[in-house]
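Sending over a structure as structure tokens; questions will come in a sec.
So that you can tell them apart, the chains are marked A, B, C and D in the order they are listed, and the count of residues begins at 1 in each.
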Amino acid sequence: MNSTKAAAIAPDEAIAFFADTRAQTEALVAPLVPEDLMLQSMEDASPAKWHLAHTTWFFEEFVVRKYLPDYRAIDDRFAFLFNSYYVQAGPRHARDKRGMISRPDNAAVMAYRAHVDEALGSLLGGDRDDGDEIAELVELGCHHEMQHQELLVTDLLHGLSHNPLLPAYRAPEPMPVTGEVPLEFTRREGGLVEIGHDGNGFAYDCEGPRHKTWLEPFAIAQRPVTNRDWIRFMEDGGYENQALWLSDGWACCQREGWDTPLYWWHQDDAWWNYTLRGPQPINPDAPVCHVSYYEADAFARWAGARLPTEAEWEVSFRDQPITGNFLEKSQFRPLPGNGPWGDVWEWTQSPFTPYPGFRPPEGAIGEYNGKFMVNQLVLRGGSCATPAAQMRPTYRTFFYPHQRWQMMGLRLARDL
Amino acid sequence: MNSTKAAAIAPDEAIAFFADTRAQTEALVAPLVPEDLMLQSMEDASPAKWHLAHTTWFFEEFVVRKYLPDYRAIDDRFAFLFNSYYVQAGPRHARDKRGMISRPDNAAVMAYRAHVDEALGSLLGGDRDDGDEIAELVELGCHHEMQHQELLVTDLLHGLSHNPLLPAYRAPEPMPVTGEVPLEFTRREGGLVEIGHDGNGFAYDCEGPRHKTWLEPFAIAQRPVTNRDWIRFMEDGGYENQALWLSDGWACCQREGWDTPLYWWHQDDAWWNYTLRGPQPINPDAPVCHVSYYEADAFARWAGARLPTEAEWEVSFRDQPITGNFLEKSQFRPLPGNGPWGDVWEWTQSPFTPYPGFRPPEGAIGEYNGKFMVNQLVLRGGSCATPAAQMRPTYRTFFYPHQRWQMMGLRLARDL
Amino acid sequence: MNSTKAAAIAPDEAIAFFADTRAQTEALVAPLVPEDLMLQSMEDASPAKWHLAHTTWFFEEFVVRKYLPDYRAIDDRFAFLFNSYYVQAGPRHARDKRGMISRPDNAAVMAYRAHVDEALGSLLGGDRDDGDEIAELVELGCHHEMQHQELLVTDLLHGLSHNPLLPAYRAPEPMPVTGEVPLEFTRREGGLVEIGHDGNGFAYDCEGPRHKTWLEPFAIAQRPVTNRDWIRFMEDGGYENQALWLSDGWACCQREGWDTPLYWWHQDDAWWNYTLRGPQPINPDAPVCHVSYYEADAFARWAGARLPTEAEWEVSFRDQPITGNFLEKSQFRPLPGNGPWGDVWEWTQSPFTPYPGFRPPEGAIGEYNGKFMVNQLVLRGGSCATPAAQMRPTYRTFFYPHQRWQMMGLRLARDL
Amino acid sequence: MNSTKAAAIAPDEAIAFFADTRAQTEALVAPLVPEDLMLQSMEDASPAKWHLAHTTWFFEEFVVRKYLPDYRAIDDRFAFLFNSYYVQAGPRHARDKRGMISRPDNAAVMAYRAHVDEALGSLLGGDRDDGDEIAELVELGCHHEMQHQELLVTDLLHGLSHNPLLPAYRAPEPMPVTGEVPLEFTRREGGLVEIGHDGNGFAYDCEGPRHKTWLEPFAIAQRPVTNRDWIRFMEDGGYENQALWLSDGWACCQREGWDTPLYWWHQDDAWWNYTLRGPQPINPDAPVCHVSYYEADAFARWAGARLPTEAEWEVSFRDQPITGNFLEKSQFRPLPGNGPWGDVWEWTQSPFTPYPGFRPPEGAIGEYNGKFMVNQLVLRGGSCATPAAQMRPTYRTFFYPHQRWQMMGLRLARDL
């Protein structure tokens, strides 16, 4: 998870970045009651309160304890409770039991945040020789916290969805009405290209090294697959036709009883879904969301197409501006008519593997991405739950092929 | 769960009983934060908030809706959320997902309680022809709520025990120091005896009918098995000696990795356990608590004895006063030196089966006990979490042989 | 499993009993190919080859090795492979992996049988001081082997039922056609009765001690429930009506998707079942078979009746002759019109618990029944797979309430 | 699974190829008793009898039924029993229940083989216009059968390993004694290379299309990792050091309790393993075998190296002759000193994904490889259980990262 960039962030930039990031997280939980912050609906998801505390622990563990020798923790046991998976940072509380931690309660966690913020403020405000080094770690911690902002939002949706009352996180608001945007493909010549982050500005370790790769000519769609497209697939028996599915995908689909994307149901002759703004009718022209890799792959086969590789995605969209409704201006669900990318993450056909020459950094920080490089697939783009600063053309997020609770959609590609 | 008694409670008694019972429940949750009320650590246990709401639903469903035709519910959907298992009262929310209900939050549940209390108050206060009938149902509802008081306390202990910080529900207080009370057996002649509730005063359906049964002569211990006794069993390899165990018990012990009662650990050459008053050293002379039937049965075999039957227990203790620390004066853990019974529930060797002539009442109320009459075993007595009004010599509580989270102990008996 | 009887079998009787029993077992496997003998379809069932070997091990372990000091085993490792659960007789091979033992193959197991038979023959034929003691153990071993004959047959049926070709163990033969026998109840006065084995002739330990018990007046049906009765229950929605079921029973029924007895299906407007004589149309007047306790209990509730207790069963039928088609003359499926009992085992409502004063014998032999005295229910009677010598009015067989693969049916009773 | 080659096999070549392949399969089962042929130890593995029948079904279904209109099957129901996963060829028997099919017994399956062989002989022997087309399908069927020869051998080893008697499939024979071969790396320049099958001779669909790919410079070891190397890893705590493992790998290792390769144990101060020649001491200089991807990856990290990609493997070894002990001359376990490759399959770090431009053939035949292109990793090379005709530098076999029952080892590579 460390940067591959050449030039460090300046300490005064870090102060502002830190303040903004911390405030944004707290704004996200402002509409919630303490009970909401306890919800953990599956092992993959964490309670909002845990996200509040874990992001704080990250700054405490990797910055404050290291650079502020006389720092006094509010409670030394929080390191055990709020470490996520950093083996080299010590033992951790069981991931599937995070919903069992009623104390510290929310008030105590907010006090923990304030305590660490104050310590970090004193660090960043001082005139120190190692200010650049600290600023760089703080930048990393802010990006880490932004990743957890996205998880907080999607985990919350999953948690609330288990409540038969279907409570709304945010008030319903009308969605723009657009017409159907025709599906058009752009032709790309491929050849020997370079992908990966070039080291200018912040990036995670797994985004580099920048490297050569060979691409055959291909065509790629100019918009994601929409709900309208998906309903056609469903009406054509897509969920019942085993021949469309990968073998593992079919087994998963049968075992889970999938016949729609996550959170969908049919009612009074119409499709509905549960969103952070409560139950909503499906907007046919919004990108389809909450589909697994298995479903995305079956859809592509049904459509006579395929998913793009991550290299194809990167060379196609790296010069196009983000047009989606990112977190800071978020409507908290994908919107129609937003242009090429940024309302939903897009599954690629690329397994998450190391780029040639990848070498994780030393120490606990180096555990960030490398240990997950098996069994997962890369998604590219970003969604309505992604902070703007996380939306980079080189960003590689990754999930297991059966997972659906993130804001996941897809885009089609074809061989030429 | 209906009464088998002859004479109904008077309406004005019901008013006081209702007020006391409701207040007692609320006193139990007073030391808790809203986050504590969300904890559900296993399917067998429920969140405290659910207990608060379910006991209220019981009065709303079986009394208020029936006798107050113009009653307006606070939220009709609560009937779905807070029904437990009454099939005839409609569909129910999944039992293992009760911890996923963040809304209604605690404030809303307390408002629900107040709303139903007010409706019931207006019912009981009125001068009605069916006042006796209502009073009887209210009495039943109060006993039902008292059962949930006990579950609330034990479920809370289980939930909090998953927190590595081991928070205390109540402040630690010193426990009386007593010496070892020698184990003495009383001889009983048996013969043709009668057991079961005789209909005077409240009782649950399964406590009757009163009936004859034949007992061979037997001897029964005058005190429960203590922690000191149990440590001897452990030190003698009781948890490693398969020959002492029932076949199912051994399989369970191996699968779960049991080598002590629930909540125990060894630290600095001493035995400790986690209690509602936080971590505490084991008091050797307190009754052993949190052992399963399988463990109790193995202990009895190790001791060259056996568990009593429920008939043996009833004829032995029905004339002895309760001496345990029941809920209203509770220390929230079993205490030493409290005399014959009442600090821990006592496993008997009797499966929970219908008494001869048992016939459950008609309707949803009749689902109370009859449908559980397989696979469970009867415990007799009462514990430090049991309201005094629940401690009757005829009371039959019942649990599965692997369960340990209730305040469960044992007493020895012998053939003569 | 040891006898409670007063007078031992004579050595020369034991010789004949042994020869007959061993021959009967081998006759049962005569129609099978070696592949059939390997089938293990679930942990509860064992391969026929294992039954052949285990019954032999029993004689080898408890008789031959003890009384014939210079005995040389064919293979010492067989003791590990073919011990079932006798802890005190040493470690055992995992029960659910018995189907993984291809070697010793069938020929080797038959050689093992012959080897032990020869050793035992030399023991029994000799004129020894301890001849009575040996004869008694041999008698026990023969009864043990007869129990395994029954299991061999029912385990085989279960194993073969997993083959979509539905092979027949024995050739189909026509079943007698009878009319519907009306359901009649006999009234019994109850009172203080004695049940249990009196010690004359062979019995297992758990059949005694003979003891007093009190019975209220009751009525008991003169024939088992038939397939015709069961179809009425099914047509009346018995498998869909939760109110008829025990709570654990309903959960089991839903989890397993039960809507008929085991081995039944509907085809061309008729009910069929799979039997040891291949697929057969249901005979409406034969006793219903392959139903669990949960189903039997639900049926009884639907019929406005209940299951009898084991004491009620014993006092009702102990003076009636066996009329069922026991193993030696077996048609290998329950037949209609066979009179009061003996075509199917009958579930009682009695949990399998020790009789007052029960004390298992010392040593491995004592592990026979006592360690199973929890979670199981008693069945009385006997079936078309039960050897005649096992059909005693005091015989208590026992199974878990969800099990259906034995020849299990039921009979109704009522309070008066 | 169809060929990508330009020129078809000649019909007379197909006759000989068919006869050899069928005879080779039967030679493999010659040392077995019918009971051995029934063993199915896990869902991943199939009984030998099933392999005998399934390979026959393949010829019957895809050749005989198609080209011989008056063909009469021995039993039409075999199509259901012996189809593996070809959805478009109809419904199938459950994969994990293959061990439950005692009938057809072995004799009947051999008769089935002879019946189909005869039909195919008459087809191939005739002078037909479509002879080339048939020959090509027969060639495919022979390669298919060779794949099952390898599975038959490895499934058998897994099945027999569950027998505590550890029976030997083949008689023990001494293994060559060699010294330690030093680990040497060869440097490769990489650049824009081509990999994949070029269409000359037989290949499976997933081996093509031949295509360009870019490789950075790398170094690759000249021999596989040996048992001696692996013991060093074990002695250095490799199985206890979480930092060496992928996150999923560590979870798997803990769950399964792995601390050695499959089939290993320690006894009398030496390492042993179970092989097709019975229990054998570990030969330190033989390639390590029966390790999962997770273990291979952890080993490579421990060694300061990595696994090669499949492209790196292919360009490194495509010009080197096979030196391993392939099936036809097999010793049935990896041998030391056999040169660069061919005694064990070698895990690569490449997920099994489609080559650019991959398009599976139409129809059931096209289900061969494409539907498995998720969650699995490619292995290259071949093993002592692989027929020589399957050992091609372009061959891609694939397994899940947790699987160990194939003859799986590894080789190291490094970035330069």
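By our rule, contacts are C-beta pairs under 8 Å (C-beta built on N, C-alpha and C of every residue); 3 or more make two chains touch, one makes a residue touch a chain.
What you see is a predicted model, and the numbers here were worked out from it, not measured in a lab.
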item: Length of the shortest touching-chain route, subunit A through to subunit C; value: 2
item: Mean-CA-position distance for subunit D and subunit C (Å); value: 46
item: Cα-centroid distance, subunit A relative to subunit D, in whole angstrom; value: 38
item: Mean-CA-position distance for subunit D and subunit B (Å); value: 59
item: Per-residue overlap in subunit B, given as positions that touch at least 2 other chains; value: none
item: Every chain pair meeting the contact rule; value: A-B, A-D, B-C, C-D
item: Subunit B partner contacts - residues on subunit C that touch it in the complex; value: 85, 87-88, 192, 211-216, 242-243, 245-249, 293-294, 297, 349-351, 353-354, 356-357, 359, 371-375, 377, 401, 415
item: Touch list for subunit D against partner subunit C, complex; value: 33-39, 41, 49, 77, 80-81, 93, 97, 99-106, 159-160, 162-165, 167
